[in-house]
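You will see two complexes here that share subunit A, one where it goes with subunit B and one where it goes with subunit C.
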Partner chain A sequence: MDNKNNNIILSIQDVEKSFPGVKALDQVSIEIERGEVHGLVGENGAGKSTLMKILSGVLKKDAGTIIFDGAVVHHTSPVESQRMGMSIIYQELNLVHTMSVGENVFLGRFKEMGGMRGTHTKAKTLLDSIGANLDTYQLVDELSVSEKQMVEIAKALSFESKLIIMDEPSSSLTQDEMDKLIAVIKQLKEKGITIIYISHKLDEIFELCNRVTIMRDGHVIDTQLTTDITRNEMIAKMVGRTIENEFPERPKCDGEVLLEVKSLNTHKLKNVSFELRKGEILGFVGLVGAGRTEIVRAIFGADQVKGHEILIDGKVVKIKNPKDAMNAGLALVTEDRKQQGLVLSFTVEKNVSMASLDRLSKFGILNKSKEKDMAQRQVKGLNVKTPTILTKVSSLSGGNQQKVVLGGWLETGPRVLILDEPTRGIDVGAKYEIYLLMKEIAESGGAIILISSELPEVLNMSNRVLTVYEGRITGEFDPLKTTPDHIMRNALGMGEEEQNNDQAN
Partner chain B sequence: MDKMNVKKILSVITNQRAVLAIVITLIVVAFNNNNFFTIYNMKTMLTTSSIYLIIGFGATIVLVAGGVDLSIGFNMSVSGVLAVYLMNNNVPISLAVLCALIFGGIVGAINGYIVVYQKTEPFIITLGMGISLLGLGRLITNARPIVAENKAFLNISNGMIFGERLNLIYFTIIMFAVVHYILRYTSFGRNLYAIGGDYEVAEYSGINVRANKFYAFVLSGVIAALGGVLLASKFGTGNANYGLTTGFVIYSAVVVGGTSFAGGIGSVPRSAIGLIFVYGVLQNAMNMLRVNSYTQMVMTGIIIATVIALDSYSRKRIREKV
Partner chain C sequence: MTRQIRLGSVFNTLLKEYTIVIGIMVLVLITSIVEPRFMTSGNMINIMRQFGPLILVALGMTFVILAGFIDLSVTGQLFLVAVIVMKLIDPIGQIPAMLVGVAFGGLFGYFNSKVIIFSGALTQAEALFITYGLSTAYIGIGQMISNGKTMNMSIDLTSSYSMFQYVGLGFIGPFSISFVIFLVAIVILYFFQSKTYMGRSVMLTGGNKTAARIAGIPIYRSITIVYMICGIMTAIGAIVFMSRATTVTSAMSIGLETDVILAVVLGGTYLGGGRGSVLRTIIGALIVILISNCMNLLGITIFWQDITRGAILIIAIWLDAQKNN
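So, the complex of A and B:
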């Protein structure tokens, strides 16, 4: 008995939490074993984040007990939980961007570290220990997302954390960076550190975790060894119903050319040209920073570009700003919906109508009843889960927020819909609905450009795939006739090598 | 259950802070002074605050769009000076007033151009503009009040309509309606909310962010000049020193009313309540209670800070809910 207790580093017993009108956690009990990587999955709104906030001391639980490392936890602040040996790495990393790497690791503890020099030396040691080769004097602002994560992990280690909770650490990492993170997690595990790993990406759960807990609607549905559960069973438990396929059938496309982009050049892009046909979903594969986002921003007039040519239906169109792009029939759903897709202080209604205000007004005066109809049409059509159209978007889940963004763009009647990471941070059920919507748009005569870091998504949804590497298009593939490996190699800039080898042979 | 209700009441209180502040002030005064709740005093209160209400509506336009225009106080005084100066040099009243309004619009346009198209910090730019305007006003007047020779000019603010001298209140009601309509029922107004709420999102949604924000500054400038003309007409003088603290106090009052300093949130009715509290109820109450005028300044500052601190408390609670 004693032995068993000693094996449990964190015991969550019957924890409850209510918000006005919602029971966010209902009798949640989970036991985390010492030294394991424990996966936590569930759709958005399942209660994962609330549970983590209670663990970190940001929120107070209404009932239940939490025992960490043999002691009952009463803490009320993140600092206390950190001192106890529990660290959380949030999706939105908590680093001071204007300070250096070293300063961030030991923020508020410079004196204890023996001043700035000690701080930097010790930070370097910690970073080296997880194989992150970073200059501790560099500003955090200049780091990539994955490097910032390394800084967060070093920071957690600096508190001698026994438990590190990672909240969707992979959502903005490329495959390459993800591999590094996996390596680091394995190292941490070897050091005897316990990890709770929250993710929407089930592949990672299977690869990394010993056990997995599935949550839905504030309840723990099941805890299983990852070897004892299949992917489909896990999805079924997450959504409470069985999903036959993760992806719908891709649209049939045999239309004529709708959009033609010729020789796009910026300081980052080199001679990018491609065509998009009616009814087509065209996928862009590449690392974060390879230039995928820059390509679509340039097409959309969000960045200043010169010397290129854009043709729609064979006619040249001038696009100098997003407004021109919209008039030409383009719509861009940006990568970061909270920063570039939604006005969070606005209601659902106002966000939906935002890109259509010109059409909704006469002599500058808004037609409120038309606006209301528009919002209701999209909320109904896209199955947005919101109490009313007058609810603020900030209170909706990620999937529903994304639907609001899409709804707004659909109302502009776009012919080319550009989707940059449309399903990031969205749960399985909502993803499927968005895939269906993409298919519908393509089949009704539109066309879609799809950018995604999730390779299965691009390969299963696209009719054609272009690989982007260092600002160039390095290949064009039919995903049905090519292996994912081959496409990935081109996205990593290794396709040319291969061709050379082929020629040599 | 009880706890829930208490929380609910608490959040209503903090959300309606300006109304609450007015109620508390009224209760305090009611116990100490019998003259407060007279129709005469109510009229006085509205009349004294009217000009600041009007200018505050203009300030709300800029604030909602995520900007700030601290030059409005100086714009007000200089526009008033300009109107009086022109009239005293034989320019007809209507033309002089028109010139003052155009002048205010130009000031707003310069502010807007520098802030929006040169992408600079509005706080500093408009403060600099304000200082220049103060200097300009003193240059025109030799730093002395100039008296309007044409007494007809005084009728704009003090004229008799329907047997009452309530022109300033009528002006306030008209401007309330106009600005409220612009913000609430036009696409221009909605664009401003989007720009203040999230500049990038607004731009990607095809809104002409620069032009819209620019016009917000122009409007605010014209409205400040209108306030200046009304003020000059009310006293029959143009005085460059009128607006020294006006810009700051107006913006504080607008924020007290519930318009966010960060932009994107707010409305004319909310601003009106904040402005009535600071310029009407609070000042009038302190006069009634015979508070020394310097003590009044101290108190005004403290009360504004307290009310805004309450707001930050309520928003912290909202954040915790998420």
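So, the complex of A and C:
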């Protein structure tokens, strides 16, 4: 009965979009089948976000046709596209934090729902239908990122959306939360809802999607069944060249102890102690909120902590603030580069020089030519794609922004580089460059602490892995000799028994 | 076609960026045509004299705003410093009194910053309320010292106040003394902002406190320094102001904070911090003076002048927010 046309819910035909100096979309054509989960992958700047913004009505297309559910779309506003049955869940979720879960689901439609009681009842029904067990009276502010996503999904369902677009929904989820999201997406699929799933994480694409479209430089490179394409083929198409491996070979490490942290205690951390050796990459695995970030912030003096001891080369060092930490040879690349790593309205040059500013000054006067040299050195060395060093860092892509942060810290000549989610929201090419850089630092006698929610990343890059659960270190593993499952069990607090056995052996 | 669009958008940007400046130029143009007194040398000297105290305080305020904060206490500080200087002329002499006054300005700024840092929240809104409260307290202290009376140099002083007369009325070449003080200040402050470690630290603190702190930038020292600069500049402004008026009264600084913030924002320094320059504030202060001068010449009542100033401040902040969105 279904003819071919009826089977296509969204047809994008020859869509074009230009910005000053850039052709963001060039003859883009994609057909999305009704009821499928369609993956959309590509490096940052490939055109995915632009395309989504055109679909949602935030941007206007220059040329081409979009047919949604049999009707040509001319709309120009996000509200209209939502009414037609197309919802987008953005990476930065769009909720009112000071209102309850229920109110957020039916924001601005309380009357139609029959007042507050109706709003909460109906919100509960929607949330239950996707298996999200949330109290609709709870404030959104108190929810975790994954719970907020559930609220967004319920909101999308409340508009009876036929198509839900998810823009990198997993970028700040832990493995556990990710599993829940996957379950919800599968449920949505069963209900016949079509999903466009944008992600950098290829595992998810293979697990969730029926088909995948690969974009690069504003072009659609290919659309394939996920069963017909291999991981490496997909990466090759995304980056336009072949990458042999996603991860470089891990460096060997047999150096002496460089950093020692003893009995770190805060209201969140319990007796955290560990060692870091020269040439070592030490990975921290744990859920978001388990205390990984708190550990490194405490070591770096970013948060006020007392009573612990930090030794470098066997000597006790006092670290009361980030400046002390820098003097001791530490560097911290924070998890949130936009909020904590960069001054977005400043130039690349001023961001690179930020952490080295005191060394660039003599008697309090800045040496501008040295500053310029420094910025140019890092832009060249790290292959930062920026028109000039005087470009505002806010206009760079995520990967290039991260390189600016890294470049700034490299200039301080750190002995211990702490990386908190260094590759979040970064494309495959830039990721690999950052991995190579980590390897280089480790091989030249430095040491790295790596925090990442991407398990493959930690396991493939680290010489040694510590699991963190509820503020405690629950295990220490050699990733070559342990299965990922076993490590995850410890990160989820379920491995104490096994760990005891390990130690007994 | 494309070319036309591009020209149009350039024009649009210019219009957006300089809406207020253009509007005020029109006002000045109309005034100079309608009112022949505008272009007289007497009026020009008048403008230069009014420019003095305002620009001095505004330059200090620029740094506080660049660091992402605000200082409403300039109103109270200006009065209190003037009272202190006035009280000290007889016992310790004119020049020592001036120097002690400037030192007090720095001290008040230091105190302001410590209260703000101690409060811990470190937001512009917090600073707004704290300095507002401090301003009230400074006025109270000043009233206490002066017994709530207007102090008059020619009546209340037994010793000479010739130095003050010189600062208030004197000239070096074609420039009034207050203008010369301004020139010296702008050279020092511009150098500080653009060439020094602490100047950059201030800009970084205003741009993103969290990131700056993680990168080892002394954000607390930056906050203290900007409030001290603001205090010192306010104290110098107080001395110039009292020299011209030869009286000291709590009414002398009423509404000062509006004019000063107006000067900074009209100049184009971003109220949220991190972007702007002391050089821009010169234009802003000039505009503020021109507005009141033109309105005076056109015979607009003081009430309507206040309403206009308030409206311009709101529009300026609104446009500023639009630009940065």
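As a convention for this text, the second predicted complex is superposed on the first by the 494 of 505 C-alpha atoms of A that agree within 3 Å, B and C clash if a C-alpha of one lies under 4 Å from a C-alpha of the other, contacts with A are read in each partner's own complex, and residues count from 1 in each chain.
The definition used in the following text is that a contact is a pair of C-beta atoms (placed from the backbone, for glycine too) under 8 Å apart; a residue touches a chain by one contact, two chains touch by 3 or more.
Being a predicted model, the structure only gives us computed values, none of them experimental.
Of the two partner chains, subunit B and subunit C are each touched by A:Ala302. In the superposition on chain A, A:Leu93 contacts neither subunit B nor subunit C. With both structures placed on the common chain, the touch criterion links A:Ile389 to neither subunit B nor subunit C. When the shared chain is aligned, no partner comes close enough to touch A:Ile214: not subunit B, not subunit C.
Here subunit B and subunit C are compared by how many residues of subunit A each touches, and B touches more. Contacts of subunit A with subunit B, set against its contacts with subunit C after fitting on chain A, overlap at residues 300, 302, 321-323, 326, 332, 334, 339-346, 350, 354-355, 357-358, 360-361, 364-366, 368, 408.
Only residues 4, 185-191, 193-194, 197-198, 200-208, 260, 264-265, 320-322 of subunit B touch subunit A when the two sit together in their complex.
Remark: subunit C residues 195-201, 203-204, 207-208, 210-218, 274-275 touch subunit A in the complex. Interface of subunit A with subunit C (complex): residues 300, 302, 321-323, 326, 332, 334, 339-346, 350, 354-355, 357-358, 360-361, 364-366, 368, 408.
On subunit A, the positions that touch subunit B within their shared complex are 19-20, 59, 300, 302, 321-323, 325-327, 332, 334, 339-346, 350, 353-355, 357-358, 360-361, 364-366, 368, 394-395, 408, 412.
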